[in-house]
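See below for the structure under consideration.
Chain lettering (A, B and C) follows the sequence in which the chains are written, and residue indices restart at 1 in each chain.
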């Protein structure tokens, strides 16, 4: 074969790849301008979309084009919201929780545009996206990941007119245009720990975590405290795999828990989908958090702690409307209904056990119990 | 001789960008003869043979095999036409066994599986037939150079090559191995094979060939049968003028030993002993030649003397100063000049200009410094003098050295090294890969330096050079001196010593 | 520590190590072919990701795990050919072009997942096969003979790879081309054809590795492989370009991972140390690599494109 022929073959192969890409992204022509957020949401909400922003996820980051061309918010009323988050918008976990919340807000308030950059597990990519959104005139830029704090601290002072929200975190760096938000996920963890301890027969519970920080640590500690509060004899094995993204490792961690005798499991962060699969195979009841995980394993999910970030978003938007662009830390918890325990109707949970859970919720709201005290 | 030549190449022209590598070259070969292709580096011998072997396509001209016009587009088609080539750099896969190297690219009698047992059997047969004994199961990297060459020849014979191209096959062999090779080759011509021999070693060419074609600058400039040809006549055909192959050496009274080495022991790059208890003296006004097959410690010896490599034991002194394990700058201060064997790798900096390279060792001398900064006027004057004196052909002083020819780079290095008045000069492979004209000049300069009372150590694989230059010859084998002899020794004796036989045994045998 | 020496835990540790080794083993075996012929393909992880998504999606749509595995292999072949084109025909710098393939696979698999699936949906997993007789052996049966079918396939491919490399003409050509392509070319062995074949084998096995991973987990997620393709490349060096060595490396990596997880679960490694312990497999593998790499030499022509007549 001559060299030229090879080169033509190369051109043909490249063309084939382009065709594949076009075929995939053009699969639904009328909605190519939909934001990923709106398209992939699982809430029952009507997904109204706002044109002008094309967000395509390639190579783990998002390229934003034509954002400047649509500053329809000249009247200053409808606002533009951007989200930058580390994992996929539909991860049934951390990132999905904020995307769902913004979709709720979209149905309630005058929102001109929502843009999402997801999958930015590389912090530098996230920082670039945050800066791009601020520069293109978004009113609220949500940096949804505790690892983005350093970037935000550098970027926020350059855009004093823009509001930044950083979660999950409890620090605004003393900047007047940064809000911080976090979830008291230990509260829901505590409630589900109480339920788990009531359900276990072997007296062993297994927890799969990512890295021992932030939201994950809060949840895990709360769950352990709840389980031990209900039954001081219960053994809670905790396995932080060291990765937010290693599904295979999370799956093996669940195997390890099973081998150690666990007959109840829970876990947090997006890689737990692997652990849920193992629990489902072995018929081990599972407690979810960050989003409703029932769809992953309808037979074994007992309940999920669901984040309703719209509670803090409403507070932030109210502040913005009043001219305050930052400075506060907002928390979702059971009391303000930012955290909710959603039960799986398909799981036969006895009324007595459920009553224990309800009691725990009431105790926490009343302040009678400190989940991680 | 048969009427129809087995090979005819007519009007072969091959152009490369900016170079006419072959210009209307005619060449032919009859079965049962050795036809030598003679010429300097860059004369176009390799290009012509690569055209024949299908590695290049000729721009013009035609080729006939046994009278039939052929086009050879790849090595595969060359092999199909029963053409074999023994490359100067062995085309062997070091990590494969001998049998695997031979079997490579052939159809196996066992289909997709290798049939190494059958191949090995045939290798042993061919080996005993042509005096090419070799263990088919040996891995190639374990073989000595001469054995590797046997594998190359077996590869060609195995493929039933009738026409064999031998590209400088003797470059790495000892004289005994050369004799053995020639026996094999003679047997092959006796069997009706035709051989094309490429070499620049004139006495070998005369010993082996039936006919000789000389190339210069891409054109055929001479043709002769071996009868009636002499080394001098061949050399002048190669260069285009009369050449002195051995320099005239005036009588010089030798003085004291300027380089003294006792009990030297050096560990090589791979942790093995490469120089083992070596003693050597070189006196002022003499040229001591070190003969030996490369890889027997010559390079390490030169580097150790020059301070580029540490000695584990023993001592080295230059003009009475102990320089054992001294820094290169100290060794030079004691009066050493050093022409290393890798002229591009160690001898010069290719991207630097001619003037900068000439300055490399003198850049701290007061002559070229002005308040600590380089004095460029003085440098240019000095450089121009050296370039003129040593007849270095360069477009300008600012030309990067890597664009000069090998001979001119070597002259440049010599000019730099001899610009002081050295007590000791080490010249390692001073004319390897250098054209005859430049080699002639370099030899003349070395002899002239001998008259200046410098002690000169010449390390060379070229026995002609060793015999032509040396007053005494030391033969090196596996890191030791097998003996020091004068130039009346025969090539056979020296060849035996190069293979590890002591002087006494060599003389006896 | 006494908790560790129970039948259930020891079986889970060994079986877990083997499971974790499988995708690495498949991908590294494939990469071994390419590297033995002189081509470094850094795009393994990208091919694995696309193989994983394709396998996952096929099973999601058809419910048949074998179709899924075949689909993963098919995409592996396509990407293997594309990688050959880039590194052999177009002679791109191998240290860089593979990264392009990786980024393509990473982004493409995620994009396809978002577009075609959206929310992760569990799929049918590979059937687990208890080898009759052997799986009943106490302890050992559970460790070695009660696995999903791809585990057996992956380990069977080790002797197959050894046979191909050492006993066939094709294997001899691979070794020759990786060591001295000029010599192979001078004997009529087509360097580019051999390299196309080996890089495509590499792509095929990488695609299979990805599909095996996704179908064994029963789920897909963005960046599912989590850089296992790069570990596989390191394991080729670790294994000194020999299938058995590569297998040893994959098993070592899998076992250390599994052991660390087991120790964390049982509290043998305190919780406060768990983040550091998570690095143990990588560190141990790198240390072993350093020790091994000193004793073996890479194929001489590795990463060097071949052009005739220079």
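Observations
Keep this in mind: a contact is a pair of C-beta atoms (placed from the backbone, for glycine too) under 8 Å apart; a residue touches a chain by one contact, two chains touch by 3 or more.
What you see is a predicted model, and the numbers here were worked out from it, not measured in a lab.
Farthest from subunit B in terms of Cα centroid separation is A. By number of C-beta pairs in contact, A-C leads over the other of B-C and A-C. Centres computed as Cα averages put subunit A at a distance of 71 Å from subunit B.
As a whole-number value, the distance joining the C-alpha centres of subunit B and subunit C reads 47 Å. One simple way to say how far apart two chains are is to compare their mean CA positions; for subunit A and subunit C this gives 31 Å.
Residues of subunit C that touch subunit A in their complex: 3, 8-9, 11-13, 15-16, 19-20, 23, 81-82, 85-86, 89-90, 103-104, 106-108, 110-116, 118-122, 125, 213, 217-219, 221-224, 226, 228, 257-258, 261-262, 264-267, 271-272, 274-275, 277-279. Those residues of subunit C that touch subunit B in the complex are listed here as 167-173, 175-176, 179-180, 182-189, 300, 308-309.
Note for the complex: subunit B touches subunit C at residues 50, 53, 55-56, 74-76, 79, 85, 87, 90-96, 100-101, 103-106, 108, 112-114, 155. Taken together, the subunit A residues at the contact with subunit C in this complex read 3, 6-7, 9-10, 13, 17, 21, 24-25, 27, 36, 39-40, 42, 56-60, 87-92, 119, 121, 206, 211-212, 237-243, 245-249, 251-253, 255-261, 270-271, 273-274, 276-277, 280-281, 295-297.
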